[in-house]
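This structure is in structure tokens; I'll ask about it shortly.
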Amino acid sequence: MEAFIRERKQLKLKNPILVEGFPGLGYIGRIAVIYLIKQLKAQIFSELYSPYFPYHVIVGSGGKVRLPRARFYYWQNPDSEKNDLILLTGDSQAQTIEGQYDLAERILNYAMKQGVKTIIATGGYMAKSEDTIPKVVCVSTNGQLLKRMLKSGAQPTPEGNPIVGVVGLTLGLAKFKKIDSACLLGETPGHMPDPRVSKEMLRVLSQFLDINIDLAGMNKEIQRAEEVFKKMEDAQRRLEAYTKERVETEGKKLTYIS
Amino acid sequence: MEAFIRERKQLKLKNPILVEGFPGLGYIGRIAVIYLIKQLKAQIFSELYSPYFPYHVIVGSGGKVRLPRARFYYWQNPDSEKNDLILLTGDSQAQTIEGQYDLAERILNYAMKQGVKTIIATGGYMAKSEDTIPKVVCVSTNGQLLKRMLKSGAQPTPEGNPIVGVVGLTLGLAKFKKIDSACLLGETPGHMPDPRVSKEMLRVLSQFLDINIDLAGMNKEIQRAEEVFKKMEDAQRRLEAYTKERVETEGKKLTYIS
Amino acid sequence: MEAFIRERKQLKLKNPILVEGFPGLGYIGRIAVIYLIKQLKAQIFSELYSPYFPYHVIVGSGGKVRLPRARFYYWQNPDSEKNDLILLTGDSQAQTIEGQYDLAERILNYAMKQGVKTIIATGGYMAKSEDTIPKVVCVSTNGQLLKRMLKSGAQPTPEGNPIVGVVGLTLGLAKFKKIDSACLLGETPGHMPDPRVSKEMLRVLSQFLDINIDLAGMNKEIQRAEEVFKKMEDAQRRLEAYTKERVETEGKKLTYIS
Amino acid sequence: MEAFIRERKQLKLKNPILVEGFPGLGYIGRIAVIYLIKQLKAQIFSELYSPYFPYHVIVGSGGKVRLPRARFYYWQNPDSEKNDLILLTGDSQAQTIEGQYDLAERILNYAMKQGVKTIIATGGYMAKSEDTIPKVVCVSTNGQLLKRMLKSGAQPTPEGNPIVGVVGLTLGLAKFKKIDSACLLGETPGHMPDPRVSKEMLRVLSQFLDINIDLAGMNKEIQRAEEVFKKMEDAQRRLEAYTKERVETEGKKLTYIS
């Protein structure tokens, strides 16, 4: 089978900007886009299914099931001068190289059909900085777009870093579709969901999109992530203590184990 | 080459329900469906071949060979008010992600052609419960269908578990074909064929399908599996005893081995 | 790109039987078919190239290069009552599952075009028997063909063994093309080329095909393989002696190495 | 999506010879071709994109991004009697078997369209020779071409070595397109970029193509590579010293660690 898009509603959006956030390093982009969807009460209008997504279904509430998918939401800007938004998030990235290219291309083709001229792809990059405020960097296919992002609080990226996965390919293929594209990447250690970084990214996004987003709700997400992290650290500490003790005890008894 | 279906007979079945059981965790579904086929004396009518099945042939009796395949059997319900059955089992699941999607879609397309409105996919899920009677849980694309399954003895599933492979994709893709679909998953440690669980699943199935299935024959399967398991345990115990002795002996002689 | 066949000559062969031998366990089939080609002075007439073969070229004599390929040779039986032969061998099997199915299907389609009604696929199977004369077993899609092979010296196969790769798929797909097919599998430890077994296979083949093949030339092949094997054994023994000594020496000095 | 070529200029070149250098062992070919492009001030005219290249984008100067790609440059020979050049290099080879075949075939088809009759593919092969001047060997699909390469300073290759990747497949597929093809392979330990070898290759190439190339600039590349190598060696030595010390210290305290 081929990937396909199921359209629930046919829309005519006003100069829509697409903001994309798939799972990736630290789940930065996905957390940010889902928060935007909730805050703006954006409505779903389309779903994308792909044979390159994982081959399972996800069990939802009440014993219902569904395939992994990506979903397009829309938000109509009450200010008639400003851009409408399409918000895109998915359960997963594609699982093979060709699948990654296929997914990015289908997203772009569908965006074109919706009249999208600008795409913002969001994600994370791994870094162990000691900054208290996590950095959000930007790269773009368009100099003008980059400048506006830097003005909105993003920082420039050093040369030479590859941007892997759907974020990268969305940018890379956008220019062949005549769509301007930028990505925002938040700095994260990357081993677990990192809403602290998503919050900074939302700051840049709301500035860039010129929309008011109440970020207070993100603090709850951050607190929850910190609690999970603390529990994991405690477990790790207990494991190490146990292992140390065991080594000291058993080290006296054994000299060799196959 | 593409996957293809060879039809031996053209049938007109009466509101057929498809019950599918491929090899998977504990072989729960496959054992159950094969038992159903035997008990109902269901007849084969079609075979599906796929380039995503393993690339070997299986040697049968008398030096004959055949490719891995999935087979569709039919059973005509003598009660003219009740549903006919299509029973589907296969030698293997598909071996790649795209292959898994391809297989599930071809099964659904063929089911549609046969007039199937309801599919029950069966399989296992890993759990180490201490229950004496193994649990059989149900998820469904349809609330009504789910209710009927719960009434037939299945239990609801907790949220969030992914259902991997052909069972999951059959459910996930069914809604795009306007087919109602449920799956029954039996709880199993999963490391070997587990007919104990298939028996419980057959209980739920016969209740749901409103057919009398004599389950006595399953006890022989269970006994055989237990004998195999006991032999494996014995072998494991002997191996451990041997290893322990060897460590104690050799530990005196050696302090380092590259 | 797709796989393709380059035809050097257009032939009209007399009831041709195809004998196929690709590299596999012990190289049994490939060695046997190459020997047949040489002994019968069979002529090449077609080549098959596939994007599923390894992605390299092979450097031949005089700095020339060529892609991995499979080659079809023909031999016209001087006895006008008997079958002509097509002999097929290749540098490699296909490297992916779909590639294996693709290769087998293209071989069969081409065989059909040449008027082939019977295919003999040859290969090896792993076994550590103590028999002085290596066993050659047969499986077939056709009971008559099997009987003739058993009469020619092949032995029946126990049930249940899978036959992996191009040999298996040739058999498995043959019946959909209305071609009778048998395979001959020689018993081998399988870790290196095993011409001893190919020789026994040639005995069966020449009997079955009713052709005189002088097998004396195979003895040279066998001798060469034995010399290589002896050298490998010597190297292994020296390596073990060295390792033992090193352990005894270093074991005195070290108690722990990370 | 399928691979595609974006043509920036439509050219009519004079008997163009294509010289190809992708990343590979020691980056020999890529370094040589990039140097040629710079020295000849060759101009880009086409770009090839492929879903078999890595699924990321590369961040360039000023926060701009681009997909991995291969680029075709041209150089018009001022001598009207001599061949124009097409110089091809890429960020990466294709990442799957089928992708490798696909890439090589697309390069050849495009070369045919440009009127190319001869392709020189460049790369490396692994060898630990003690020669002070690294060897550059040649294999070819055409005896005449091979002779000219040997006259230009290349050496013949021993039989039997496979040539892996885009270099090999370019040669292997060229003959089906009626293009003569040779490859130059430089001897390298292969674990890091090795411009010393690229320099020798450029000597052969400039002789063969009958163009003056100033190789002085290569010395800077070589020096830089040597400095990097020395730093890596120093780091390695420090690591070993540290490990040794740690073993000696900790070996006294511990006899067993799990």
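A few comments on the model shown:
The first chain written gets the first letter, and so on, giving A, B, C and D; residue counts start at 1 in each chain.
In this section, contacts are C-beta pairs under 8 Å (C-beta built on N, C-alpha and C of every residue); 3 or more make two chains touch, one makes a residue touch a chain.
For clarity, every value in this text was computed on a predicted model and none was experimentally measured.
Where subunit B touches subunit C, the two copies mostly use different residue numbers: shared numbers make up under half of all numbers in play.
Farthest chain from subunit C, judged by C-alpha centroids: A. Remark: subunit B and subunit D have CA centroids separated by 51 Å (rounded to whole angstrom).
Averaged C-alpha coordinates give centres for subunit A and subunit D that are 36 Å from one another.
Each of the following residues of subunit A touches two or more other chains: 254-257. If touching chains are joined by edges, the resulting network of the protein chains shown is one closed cycle, each chain touching exactly two neighbours.
Pairwise, the chains that touch each other are A-B, A-D, B-C, C-D. By the touch criterion given at the top, residues 97-98, 100-102, 105, 138-141, 143, 146, 156-165, 168-169, 171-173, 176, 183, 243, 246-247, 250-251, 254-257 of subunit A touch subunit D in their complex. For subunit C in complex with subunit D, the residues that touch the partner chain are 1, 6, 49, 51-52, 54-67, 95-96, 99, 254-258.
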